[in-house]
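Pasting the structures here.
Presented sequentially are two complexes of subunit A, the first with subunit B as partner and the second with subunit C.
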Partner chain A sequence: MGFWEQLASNLVFGILLGSVYGLATMGLSLIFGVLRIVNVGHGAFLMIGAYAAFWLFTLFGLSPIASIFMALAVGLALGFITFYSVIKRLIGAPELSTLLATFGIGLFIEELAKLVWGPDYRGYSWDTPYISLGISAISFSKIYALLASIVIAFLLFMWFKKTKLGMAVRAVVEDKEGAMVCGIDVTRIYALSFALGIALTVASGVLITLFVPVGINPYMGGEYTLKAFVIAVLGGLTSPWGAFYAGFIFGLLENGSYTLLGLIPDVEPFSLTRFIAFTTLLIILLIKPTGLLGGEEM
Partner chain B sequence: MLKVTGLESGYGTMQVLWGVDVEVEKGTITTILGPNGAGKTTLLKSIMGIVSPWKGKVEFNGEDVTYLPPHRKVEKGMTLVLEGRHLFPYMSVEENLRLGAYTKRAEEKIEESLELVYQLFPVLEERAKQKVGTMSGGEQQMVAIARAIMASPEIVLMDEPSQGLAPKIVAEVFDTILKLKEEGLTILLVEQNVYASLEISDYGYVLHEGMVALKGTVDEIIESEEVRKAYVGV
Partner chain C sequence: MRWILLLSILVVALFAGCAQQAEKPKATPAETPAETPAQTPAEKPKPEVVTVVIGAPLSLSGKYAKEGQMSLWGVKAAEKWINEIYGGIKVGNKVYKIEVKYYDDESKKENIPSLVERLITSDKANFLLAPYSSGLTLAGAPIADKYGVIYMSHGGASDRIFEQGYQYVVQTLSPASKYQTAFLDMVKELDPDAKKVAMIYEDNEFAKAVFAGAREHAEKLGLEVVFDKTYPKNPTDLTPILSEMAAKEPDVVIGGGHFADGQLLAQQMAELKINVKAISILVAPALPSFYEALGTKAEGIAAPAQWEIGAAYSPDAAKELGIDWFGPTQDEFLKLFKQFAGSDKQPSYHAAEAAAAILAYAKAIEKAESIDSDAVRNAMNDLDFMTFFGRWKIDPETGKQIGHDMVVIQWQGGEKKIIWPPSAATSKPYYPIPTWEEKDQGKLAVPE
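What follows is the complex of A and B.
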């Protein structure tokens, strides 16, 4: 395969994977936007979603697309439990406390997963037809992942714009005290936003399994936490919509650069994932520290 | 209607209020005067529950509401127009107003309240779709007062509603407050604008270093030696 064909096929792959990155980062940005808490344990929740997809497929033959609904429900429950047991006490606390706490939650979940499921890589194979784009063949499963991500993002967008609760979340983001004097229960909005953010993250974990050739294990999340931070900065940190678009941009950058790095002799491009992520972050922070797509509006 | 007894409050370890007693009668306008740093804003925020009271009691319609969170107080019929307005800048006028009627109590009367608000401030109906962040200070103050009315309250606390506005707009704001009284609302006002606020008020308090230095009817306040010296400058 020639250079251009390979670049084109990697970019298509980048768009497909980018949609899942975007969905994952929406969860992170939603939580940061509303609660001003950086969820360092992000990747652990994503890993839970990946295992949910694996077990539901292996035990019940449930397709990953159907598993998304289960993942959203599990994520909401997990989010509410985490909020009321830990996060609620940290509202308004110094950043170090919230970073340590969410880091601790992440470790706890990962170690628990290792205890229950073991440290080994696991995988499953969902056979879907391939579609030939002339240059390369793309599995339908990845196209489903793209569609699922877009549908979820769109539904969330409509929920924020049209429903009373969604408006209340935006109100809390735009002015907390203003929301209080309107009679909005700010703590409840925090709980709901945190749970929604975790639900999105867990759902993205389901879809990630359609892209990882090596399979899943309890420590898979770290890489995605890192990427989500880069994408969140790219998208302006507080906006879930910015995060979703930025997911596509990052997917394109990452997969495009694999092709370019592959031109260098003796370099294994896929081992440079973290290098690419950090370099991207560094460049964004140099050019525009407020994020490329950044705005205050949610 | 509202009775505050021995209220103590502050931020962190810094005490601001040292036992404040304030009583507001139904259907009246009561003004709290006092120099900067006297604790006027803290008093309103503590009554509303945005700042947690340390000690003392807040009673509303005979019920102890001291430690209720703000959203429960709004549900009971109290609301606060915050200093600096605290609107939702990226939302339209109408969205701001509808959020003002967030509680069950207010939602039942939302269309009535909207009608009242648009009657008081016709300009807001014309600008219903405009984003609040793009409006002038005076218009934003109207939205802030209108949003409070949307909560269908019995008592409205107002923190410096005339702050930073042009003199002509200030007069309009005070006119509006009088109209709200005519509509049957009870008002507890904090103001720097001593003349204008006393003119529309029934009762007054002077707060000094977190304590009530003086209280009485408006006439008593105006005639008192301290106020003349401190504020009226005669």
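What follows is the complex of A and C.
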């Protein structure tokens, strides 16, 4: 396989991976955008989604595509529960309190998952057709993941722009007092936004298993939390749409740079890809400190 | 009301904490003999029962939780065998009983030095078990060595641990450099035409040591290493590196690192339809969850293992080699293991190697007739014996394990079989393995 073929194939896989990264970050950005809370326990919710896909498939043979809807429902419920039990008390609290609280929630969920499901690395085999690309191949499950994340992002976008509730959320972001004066129940909007953010994160956990159906374990979320933070910052932190685009950029950089780095003799290209991805982030932030879509809030 | 409730919970928790603190020194009487009059028959002189504390940082949470839990069960089984079935280690008028004191290291390197120090200074551990993995083992080694306490590696295979000049670090499992050598020997023997080897592995202490050893061995066997690249920790997507590897058209692939990446490697080779004659992946395929996760895609995939249920180590095998046997037989170990792990659990090699480390301590104390660190360390230099885990003999200079041998396992028809070396094998090797397309159609790697 020639250089260009390899680059092209890696860029294609980069786009596919990026779509999953994008959706996995939208929840984080949404919660920060509305509540100004950094959800450090992000990865734990994502892990719940991955397990949901695994269990629904293994126990009931449910297609992971259908699991996305289940995950959204589970995520909403989980989000409301977490909001009313913990987060509600932390609105307007100093950053350290919210960081500690969300960190604690994350740990709690991970350890609970380990207690209930055990520390095994799980996975499922959902056989889908594949498209042959000469020497490599793309399985349909990855394409489904791409489509699903675009559809979910689009629906969310429409919800924010067109529905009353969506507008109420935007109103709260823009001017909390003003929204209150207009009779919007700010706490309810907070609860809803938080739950939506969690639902997106849990759903993206399902998408991750569409991309990689193995290695599902209670601590799998950590890696994605780190990447999600980077992608969120890249996208402007408060903007879910920015996060979605930034996910694609990150995926492309991570996979695409591999081929280019492979041209340098005596380096381990894979270890450098992350370096390149993070360096690009720094450069973008130097040029545009507010992130790609920074300032352009919901 | 709420505040009162909260306050009272806090007060109770505080008291509980204090009570535990107060109890701690009492709970670990390291050197003080404990009286157990009920156990001693009246006619014999009452032996003095001395508790030997073995301190262990174990990964009970975090990314090595799986291996850590297995280690703990193995340790418990060995402890029970020594104290109850063997009746303690009898030296002169003393009976040494083992007590393992452990803390959860959360699978984090940065926790190890302080835990090791705490085990030595405040828990008065006489001996130490190193934590799981090479990285964590390395983190604690200088502390143990500084205090002159023996630090037995049961999950740290990297050769580099034993190249630092430590006096008190010894090893129970085979060193990393030996992990993939048996597999390469097998390929060489089965197929003289297989020439091209690809190596694709995680960028970590352990895997690097494994593949440095593998490269050396491959070249010695006259094989050509056509691809030798690493991927970073916790990869999400191996497609780029795998497509580059596929372009080199290797005959066999050896690779891996730990659990998640090992599963990912097999899964993505299947997705990209990269067909080779044989695959050996570190760690991941050695556990049943590998087959559960990958299904028939796992067929034919091999892995090196320190130990496997069915490995032919027995008192008779020891006699044949002219060495001592020590510890429970495999069946006895399985029974003991299940008492702690539950009857539905099977030990992985992590449990066996941890148990063997404890047994080696007992054997060495018996030989040294003392629990003095230097005496036991010296006694270890002359030990050559066999447990259910295999042979135990260290290089006196470095403490590196040289007696123990690896086995190669392969998934055949949903079962894990030992295929190499022939003396320990429970099945013939299946070679070359079915292609991914054949496996999709349900072909299994079961030899006739």
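Just so it is clear, the second predicted complex is superposed on the first by the 263 of 298 C-alpha atoms of A that agree within 3 Å, B and C clash if a C-alpha of one lies under 4 Å from a C-alpha of the other, contacts with A are read in each partner's own complex, and residues count from 1 in each chain.
As a working rule, a contact is a pair of C-beta atoms (placed from the backbone, for glycine too) under 8 Å apart; a residue touches a chain by one contact, two chains touch by 3 or more.
Everything numeric here is computed off the predicted structure, so don't read it as measured data.
Contacts of A:213 after superposition on the shared chain: subunit C is touched, whereas subunit B is not. Once the two complexes are overlaid on the shared chain, A:270 sits against subunit C while remaining clear of subunit B.
Once the two structures are overlaid, the count of subunit A residues touched is higher for C than for its counterpart among subunit B and subunit C. Of the two partner chains placed by the overlay, only subunit C lies in contact with A:255; subunit B stays clear of it. When the shared chain is aligned, no partner comes close enough to touch A:116: not subunit B, not subunit C.
In the superposition on chain A, A:164 makes contact with subunit B only, while subunit C stays out of contact range.
Contact with subunit B, but none with subunit C, is seen for A:185 once the two complexes are overlaid on the shared chain. Once the two complexes are laid over each other on the shared chain, residue contacts for A:177 go to subunit B alone; subunit C is not touched. Against subunit A, in their complex, subunit B makes its touches with residues 48, 50, 69-71, 74-75, 79-82, 85-91, 95, 98-100, 102-103, 106, 147-148, 151. In the complex of the two chains, the subunit A residues touching subunit B come out as 164, 167-168, 170-171, 174-175, 177-187, 296-298. Here subunit C touches subunit A in the complex through residues 61-63, 65-66, 69, 203, 229-232, 234-237, 239-244, 246-247, 259-261, 263-264, 266-268, 271-273, 284, 287, 289-290, 292-297, 440, going by the rule given at the top. Contacts from subunit A toward subunit C in the complex involve residues 1, 6, 9-10, 13, 17, 111, 114, 118-125, 127, 130, 132, 135-137, 139, 211-220, 222-224, 227, 254-255, 258-259, 262, 268-271, 273-274.
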